[in-house]
Amino acid sequence: MSEFAQFADRLKRPIDVKLHDFQRNERLRHLIFASQLTPQLLEKLRRMADMIRQLSRTKEGNLQLKQLLAHRRAMLYFSQPSTRTFLSFMAACQILGITCNEVRDPKTSSEAKRESKMDSIRMFSSYFDVIIMRTPEPNFAECCAYLMNELESREMRSVPIINAGSGSDEHPTQALLDMYTLMRTFSTDYSRESKQSRFVELQSQTPELKPGIANKTYLFCGDMGRGRTVRSLAYTIGQYPNVRLLFVSPSHETLRLDEQTKKRLRALRADIHEFDSLDAQLEGQPILAQADAVYMTRIQREHNSTQDDSDFSKIDFSQYQLNPERVARMKIYAPILHPFPRDSVMGEIPTSVDMDSRAMYFRQARNGMWARAALLVHLFDAADELFMLHNGR
Amino acid sequence: MSEFAQFADRLKRPIDVKLHDFQRNERLRHLIFASQLTPQLLEKLRRMADMIRQLSRTKEGNLQLKQLLAHRRAMLYFSQPSTRTFLSFMAACQILGITCNEVRDPKTSSEAKRESKMDSIRMFSSYFDVIIMRTPEPNFAECCAYLMNELESREMRSVPIINAGSGSDEHPTQALLDMYTLMRTFSTDYSRESKQSRFVELQSQTPELKPGIANKTYLFCGDMGRGRTVRSLAYTIGQYPNVRLLFVSPSHETLRLDEQTKKRLRALRADIHEFDSLDAQLEGQPILAQADAVYMTRIQREHNSTQDDSDFSKIDFSQYQLNPERVARMKIYAPILHPFPRDSVMGEIPTSVDMDSRAMYFRQARNGMWARAALLVHLFDAADELFMLHNGR
Amino acid sequence: MSEFAQFADRLKRPIDVKLHDFQRNERLRHLIFASQLTPQLLEKLRRMADMIRQLSRTKEGNLQLKQLLAHRRAMLYFSQPSTRTFLSFMAACQILGITCNEVRDPKTSSEAKRESKMDSIRMFSSYFDVIIMRTPEPNFAECCAYLMNELESREMRSVPIINAGSGSDEHPTQALLDMYTLMRTFSTDYSRESKQSRFVELQSQTPELKPGIANKTYLFCGDMGRGRTVRSLAYTIGQYPNVRLLFVSPSHETLRLDEQTKKRLRALRADIHEFDSLDAQLEGQPILAQADAVYMTRIQREHNSTQDDSDFSKIDFSQYQLNPERVARMKIYAPILHPFPRDSVMGEIPTSVDMDSRAMYFRQARNGMWARAALLVHLFDAADELFMLHNGR
């Protein structure tokens, strides 16, 4: 957009240089890119999310949490529809007492009166204390972060920006909740919470299972070309040592992983492999049997070109679907994740898998609420207060 | 819907058998059918609604109520538009401190991405603590209750379901608020609240007036065929001994009471009569003069078939309208109710009746808020806390 | 509307007579017309808005404010889209703990079922404690105030009405926030709050600058014909002694100030002048150099007739645009206001002016939140409680 012209120089910089603009010393100033989610920060957020989850088990804990950020008001600016991400952020805010406001339909907004998008954002920042945004325009959240930084540098009112999915860019809070789910799955910390953690029990059955994200094999399956959640999560996992990333998709250009992503992942020293079927083998072994975690995704038909529609009719999509037989071949501890919604017609995960103990996708959705709440506590610098609440229990 | 196929066996059972699935010992687990509203439960809810109403008279009482369920979050899933029921539930939640979330336009939801309805419901149950739903699909709320029961049986997260009107089924919370209004009208409990209760005063003028729902004549008028509120209320009243139910509607098949409902009512031993005019007589007396309460309804034109449109043009709808002359013939204590909205063009209740002391329909609407709040307190098992608040005043 | 017929006699009365209906002794009962904003009331609201603003600087103050009206629920009935006014009222309510509810799309409401507008309003007043309304129908808010008064006279439930812009009538809360911004700009009260007030410093540079609204020149520029905010603000300023009002617009009938407004302003003894360019002169001096404040507005193209579209193509709109050169000619203390949104294509205020210290329009937007919160405290008669909170700091 022409309005973004003023930020053109900043947009062109390499991502590593940009990241400094979104930090405030040790802390996030805005969350724009999944690359901001370092292993150190993820560990910090995981602990905070766990505290919030534990406090929320009692009425008393809930009422304390609802005071934590009760002096804050949030704007959820979602001009791109997304019920799930939207509701998850709403719930996260509500847990912490943050009052929510929303603008969802661009037609009801002042944009119809030719207000610039930047004026709309400044309006939101006048009334509210954080802007959580999901919009179809690429780089929009990034530009808003630059605008806020500029206002702050002039000692004017400025608020944090959270990218809840902008354009076909990354989707950093999805990566956050996916990582939170994986970290919980591969952690020994939860032995006391019998229902929630299967780790210690599973470890006794499979001694090769070690805690942590590093040194593991992650299998991604489905729409690798258009799935921003895959990209965001793969970068984040790629920061850990000795990880193997397996990408399973039709070899069609629209659907397979793009070259630029592969290049960035290789720069992180991740070990990358591509396949065109869930039944493929690597080094003589079925890939499904080697995966420590399986991340399924939906084919995003709504973004198909006419050519895609025609091409895809020749693809055998059953190669990219789980079913009880394939699940039976997986490691007994390997969690199945999906960013949801899943496609009930295509059936990349049929409901027959739902009751398997490895099906982690509903729990993953609920994790999104805790992880996003932790992010808000972090951005508002209320971690110390949360620790005190938690220890005071 | 094909998704409901998994619940086909349960859906086919007779209603009496089903009811056990929606109870948890003495308490409601879900509210799906009006038949769950037994006289005992209604009396319990009436007392709770009265307490909430009394507490809300002071700022202090209000602030206490707002803490009662402040640790809960509700999803109002209203894919079928209904401003009145929606706002009434919103207000009920807010009185108790329950944080509200809504999904109203199905297009903004994940259903556009072919997510199954059951996945949507599980998403809601991941983030929220109760699902209040109004949808055009018949049996949908019932199926959701079965899904929740199944999750609970597997020790997974499960939340209560409230049917706020599903398909052309019953509308149990409307029956609840109608009953609450009738119980208040026919009660001696409110002698201290001078403004609210006319009962004691009216009783001194008409010695034949006795307290309670039993032993009375109830007149229903308007769209008997399509009014689910009529059906729900009639079943509920039918549970009380010695009640007479008069149904006044055009004798057209679309508009008159269906045979199945009549059969169910007769099974309850209710005394049923049908008429085609408000001026009709029963046993030589005008029916209007015999009614202890008059329940008016709107002709639901929006559900007309083309044939209906043609047929209805020949009907004299003035036979189904109140006016000051007809009201003058009613008993001086007989309340006039209407589920609202009323049709300002058709005029089944013209505004000239509004200032009559028997016009109870605006008070009835406000009663909906208190009655629904009582239901939420009951479902969340917070009745004891409410009693303590009320006694501590 | 025919429904308003019952209020026809009251609507016809002169405005001075009407005002009594909207007062309750010294206090507002409803806010319908800008004429209710007397200098005395404005001063009272300014002090309250300042207290709210100061309390909101700390978490503790915020939490105290959130208890002030936590027992109240508001209905924001906005059938005419307006993101800015809507969000500003939402934020104002939230600061005070008022729970918000909204009806924005008339199609989702009971109006589709031919419910009368007056029944809808009574429904809102059944569930909520104040109705904040913005609707396209002229006089609608006024009629709702009459309805509420009538209910109160019959000892029935009644709530305050706030006109948030009805038809092409006035827009009194916009006048309120504009006045609040001007009063703050021209006040010596804020010397302690270094960042917010430039007044004392500016006074030392320009000794002719005196505090207060009286004895000053106000320049209005843009769409004088259709801008209800201009009309509302001009009336309000016109109540102060010795003010000069300069109106700058194309001389086209649609865009210049209407005769009736001029007549009403002259009745207030305001000194009125009209111009067709920002570069015009008055008494040999450029008008821009004489203005103590400049109020810019957007050309409301969305209300153009076909004839307007054709006529306007011949108008040189650059005569009604600020730019750095024109701003340079203004007094160094003269604030630039704009009711927003501004037109990013037309550019009546280009972004190149945004960083000038006189650009007050973003601060003005945030002032709207404080001023509206003060109004709510006033309407709910909670001023004394607010004073106590403020003094207890």
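By written order: A, B and C. Residues from 1 in each chain.
The rule is simple: a contact is a pair of C-beta atoms (placed from the backbone, for glycine too) under 8 Å apart; a residue touches a chain by one contact, two chains touch by 3 or more.
Values in this document were obtained by computation on a predicted structure and should not be read as measured data.
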### Task
Could you say what rotation angle superposes chain B on its sequence twin chain C, using C-alpha positions and rounding to the nearest 5°?
120
### Task
Between chain A and chain C, two touching copies, which fits better, same or different residues at the interface, with half of the numbers shared as the threshold?
different
### Task
Mind checking the centre-to-centre distance between chain A and chain C? Centres are C-alpha means, answer in whole Å.
42
### Task
List, in ascending order, every residue of chain B touching at least 2 other chains.
none
### chain C - residues contacting chain A, complex
56, 59, 62-63, 66, 81, 83-84, 87-88, 90-91, 94, 104, 195, 298, 302, 340-346, 351, 355, 362, 365-366, 369
### Query
For chain B, which residues count as touching chain A in their complex?
3, 67, 70-71, 73, 75, 99, 101, 103, 107-110, 112-116, 118-120, 122-124, 126-128, 154-157
